[in-house]
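Report on the structure given below.
Going by the order they are written in, the chains are A, B, C, D, E and F; count residues from 1 in each one.
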């Protein structure tokens, strides 16, 4: 883009207005000043409405997308920009893929501070570099005030699964072990603690992180014994295990005492009447692995910083009802169900 | 997905509420009832958070994304669902790619009618089938009322460019011919005519259409003589030609009388004080082609239904100022510039 | 300034409003400022109001005046 | 019903409000319903209000009562 | 968490389970009602049923203010929220409760009503202060526990001279409901009401103390043990009930001595007396109309009464006649005995009161306990 | 488009161009001002400059109401829009006009002010009817053309008894501004004001007729030819001006006979007389303060006057001193003579009045004509 478009945006006090989305020079300026530097890579610089890259050699490809509408946009431990990279990288990694390329579609509410937009784009670019992926193409739309909530980002990603690796939610078999890579509920509690209408405070940070490095170590350690992985995001561990139970046609039995949960997360859930197993994570995974490889896999995970608290929490069982059952720390048994409705503070 | 999740959504009077985005059973039901059938294909049915498909053999790959925030959501000649396919398919096709796979990220405002959502998803699915692409993965988020505008869709797409074909916005050379595939401004005028606050009426339909079939015919006809293609969407023909001029480092000279513009589009622009060259298209392309292949290319385009009105409108010229100049129908000359600010009705 | 377009009155509506048409584009405007507007008239439309009627005879006469200039050979290249 | 949690009072604030802490989670609540709340007290917190103080001696006594049941061998499998 | 974790200890639970098993008489069965949803929740969530002898049966009572709120009152709240000038503030628990016509507060919000979820009644005060042009109505529900916070909010609004704040009062009374259950005369084709004692309310009792339960011991000869909500509290209270039954005692005992005083909380009691008075009668979902079982604002506070400010007139709304909530709440039936359970009626699509919140008997069984049903009775209900 | 396309015919244009070329005297030059932005736009958009002999020079006048509105009045409008109770309705043309402090209506809207773009003053009435709780202010601008629609809106509001509608009146008068240009005494170091005749307003004249221009012919000896906005109209009017100059006549002629009557539009004139009266003076961007050049609401309609309802007090705001608009509007300089042109000052970031709307002299040159500059003078302004 030639310097004709390069004009100083007021990143301190300026705001996005409708002209920044109208396809004219103001939009070109916005993209040049905010996104090009933040994401900077040769593929993006092509400046076409699409990015072109060599077809990967071999393997299978995977593609995923997620919309990011997190509120607040900046939260303890991350922001919507880094989250939009981690979430999509993780969905690719969960298939055992090496994440390669991301696209980023920004929907921005008129009035959004340009400085915040730059901060988000920079964070997104940094997260992509840290995860080893390139943001190769993007889009920017501006909508009237009151027709969005600051900024939404939809990220899509593609990656390549090495030949011979086949992970899928339908591959859990009775006897397989269920592993989580670390403590549950950190992201959701961090987000709730930063919401204006909930007046509690914690030092919990979101666990938002890219899991592709951890996954690489896991694939190396467990090879074909690894059945599947999934990141327990919205709906938390409970939703993920129920999904997997239905996909694989098995039940799960897990042990409450084996599930890592931080003290403050447990306390926040207690105050708000929530179950930490329903609370979202953004840097954790659930893996199902053949029993014989479980211990080795956990050991390998623990030697990666993002798997330091990895633990076997249970196993898959035969169950035509596909229940997720849990032995409580108290010694009883119960179902771990999907959350009904939205996750909200309860009084009773 | 087992029938446990299959519950009758009230598609007649029901509305999306926050529980449909919370990662629980209500969300699974929504996806099952609305998206699975509409998009139905085996890759989507995998039910993972990502879709897996064979790595294409040979060629180069392209990836693109666009956010769709069109208002109104249903407009003459299309809706946000079909548009979200056409726009992304077209961005892939503009690189000469065969579009293969799409992802769809829905951001839905609480309260959106379920019936409308189904209509949009069905339209999106039908558009994908007509364009020969698969929607392989998706995501649904629900935001509070007043924090979105009905529904936004961000679509990403990947495709493969055959070996030997290299189209890019920087490849126009002086002497090359500029071709448009049909009349300019139909989409923008159709959208404006359906806006509540603008009280005019026309029978103009949006031109929203997938151009990959036309592009295939063009590549066959012009082969390596074809330099580049671009779809003149936001900002219209004026923005596209200015972008291309800057990317290629050339000027363009076009002839107003050669640019196809429908009578009603011209009239609507006259009433509103707009220039049809700034008005968006969603089923048209601009191509730049070596002079010697221009006539043959236009002939090939005209034999395709979406190129019936194709016309050579001008040529690339040497110009270190990268101006897009136009000979007016009246006989004078003028610059065709980017639109400053947003496209709005003018009184003067 | 004062963007305005001549358009055909196709229908008179209550409250001094009228429907106009311009090459297939129709719009509802106010005719409160012009007396005796009738269907078939052309009016000059500005910000949703008719400002005056177009006089077809005078329009013809203007074109005739323009035509007077015809026949004079075009001095190609002399412009500027 | 009546979800409530015992939490430590860490600070008294104006207007009958107080800051409480539960394992690193803090919150500002009303102590308008409980007399003589002091920093260091544990209070039962419900919908942002303290309902009563926790009596540490009685808490200890409850645990002692529970411990009385210890030593009795667990009838494994007898449950249900 | 201090005063929490100690009462969730698995080893002590097993010891207590053994003690209960040792003390129950094998030749008879025991049936106790835990009135409170909090107890129901603890029993389900911690799997206490698995730790109890087979001949000790827990009956899940109506002690969830969300569950027992009749549909008509939710309809009223939706009508209030739909008024263009009104912002309705509600505890989140109420959002999904089904109202007439397939509605709920969540759906009404989706359809455009201005409904805000609050954690505390003081949040509603803050919203009223921040939006002086709006009429902020606080949807007050709850037993004696949640009533004093509503009273504080009212007094705060008065002190701040807030003109745009009012209360839609739905506070109900625990002991009256307990009596209503015992007072029912079963119809000839109904099983008898089998309650032999109560696990008494935990946090309700922090407010009202022990006195209000004496009537059950004295007049009905039913032992009552006030118990905390932690699982060891519940188990110990059951042990205390077993002992009373075995010893043929009927007393009001207090297991939750660390938080409940005999006299309750006099500050809260006095404040509630000042602000509220008894309604002549009130409808309870599952129990029907119960005389003098609920509160309304006194005339002195009529200004803050949303029912007066907006002239709310509750329309009667029918429950699904196939719903067995009433019998379940009286211990005459179990959730799985209802033919709607798990098919038509689930936590996502609750038909009756007991499925509405996770503390309802049916919801607790569905959410935490239905695997037992399949283990023991797999053929019965394949579709669940 | 009937009555449009006929007047855009390229063949006729070339014939007319030849006629003009034939009639101009090679030994002298001609300088005419087209007062109206509509004419400026037509000249630029259709490339009429390319069709005129080199010795006919068009001076682009101040006839764009958006361009000449002083910054202080936009500041006022933003202050109005920022009032929490106010919804400001504006023609879209004003949205991007720069105000003080880097603001504009578009940016004020982005920052939260309730600003709606309307196509017609009647849209503002509709918005006021639909939002009775809002104070709807119509930001009225325009010359005599756009003034009667504002008057109709006011009378409509009166008829509908709309209490929440008011008008922020910025209507200005064409002939007064034309006089102000001619009346200026150039300073010693200024080039003379070279206007030899006017292409007279097109749609303004449909309202005011021909009479108000007589003064220019009679007192200033400047020919005036009222012309339509189509390119052939403009060219023919130029031919008529060339003829008057050649024949040393100074008359008011009407090229736009199909729409302009000698007496104008009496209905509109009477209505405006009823509603508006002259302001003592008004500031024009580029021209400075001009006495009796603008309108305000009469006292009888004070109720509808936003300046009275909200006590607007316009603060003076400085234009960039490097801006050459004034000299450009008087024909003393050309856009490219300004050192800000195309660098600091572009249509996206307009510094002066002439760059504000596409009808301003500088914006028209930038948007449609700057290639000429590069053709003839390529070295001068590489950065543009």
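Assume a contact is a pair of C-beta atoms (placed from the backbone, for glycine too) under 8 Å apart; a residue touches a chain by one contact, two chains touch by 3 or more.
In UniProt terms the chains read A, B = Hydrogenase expression/formation protein HypE; C, D = Hydrogenase maturation factor HypC; E, F = Hydrogenase maturation factor.
Predicted model, so just to flag it, every value in this text is computed and none were measured.
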- request: Would you pick out the chains that touch subunit A and also touch subunit E (Hydrogenase maturation factor)?
  value: B, D
- line: Note, CA centroid farthest from subunit A's centroid sits on chain C
Task: Weigh B-F against B-E on C-beta contact pairs and write down the one with more.
output: B-F
Message: If I average the CA coordinates per chain, which chain comes out farthest from subunit D?
response: C
- prompt: How many degrees of rotation bring the Cα atoms of subunit E (Hydrogenase maturation factor) onto the matching Cα atoms of subunit F (Hydrogenase maturation factor), given to the nearest 5?
  reply: 180
Query: Using the average of all C-alpha atoms in each chain as its centre, how far is it in Å between subunit C and subunit E (Hydrogenase maturation factor)?
result: 75
Message: What's the distance between the Cα centroids of subunit B and subunit C, rounded to whole Å?
response: 36
- prompt: Measuring from the mean C-alpha position of subunit C to the mean C-alpha position of subunit F (Hydrogenase maturation factor), what distance in angstrom results?
  reply: 21
- prompt: When the centre of a chain is set as the mean of its C-alpha atoms, what distance in Å lies between subunit C and subunit D?
  reply: 83
- line: Flagged in subunit E (Hydrogenase maturation factor) as touching 2+ other chains are 1, 4, 14, 17, 37-38, 49-51, 64-66, 91, 96, 106, 119, 123, 142, 146, 348, 359
- prompt: Got the subunit C residues that touch at least 2 other chains?
  reply: 1-3, 5, 22-23, 46-48
Field: Interface hub residues of subunit B, defined as touching at least two other chains
entry: 18-19, 24-26, 199, 266-267, 270, 340-342, 346-348
Field: Touch relationships between chains, expressed as pairs
entry: A-B, A-D, A-E, A-F, B-C, B-E, B-F, C-F, D-E
Statement: The answer for subunit D against subunit E (Hydrogenase maturation factor) in the complex is residues 1-6, 8, 22-23, 29-30, 32-35, 42, 44, 46-49, 51-56, 58-59, 61-63, 65-67, 69-75, 78-80
- prompt: Can you name the residues of subunit A that touch subunit D in the complex?
  reply: 193, 199-204, 263-264, 266-268, 270-271, 273, 346-348
Residues of subunit F (Hydrogenase maturation factor) touching subunit B in the complex: 1, 4, 8-10, 13-14, 17, 37-38, 44-51, 64-66, 91-93, 95-96, 106, 116-119, 123, 142, 146, 231, 346-348, 357-359, 363, 366-372, 374, 384
Message: Applying the document's contact rule, which stretches of subunit B touch subunit F (Hydrogenase maturation factor) when the two form their complex?
response: 197-199, 257, 266-267, 270, 272, 321, 323, 325, 327-335, 337, 340-342, 344-348
Statement: Residue positions on subunit B within touch of subunit E (Hydrogenase maturation factor) in the complex are 7, 10, 13, 15-19, 24-26, 29, 110-111, 145
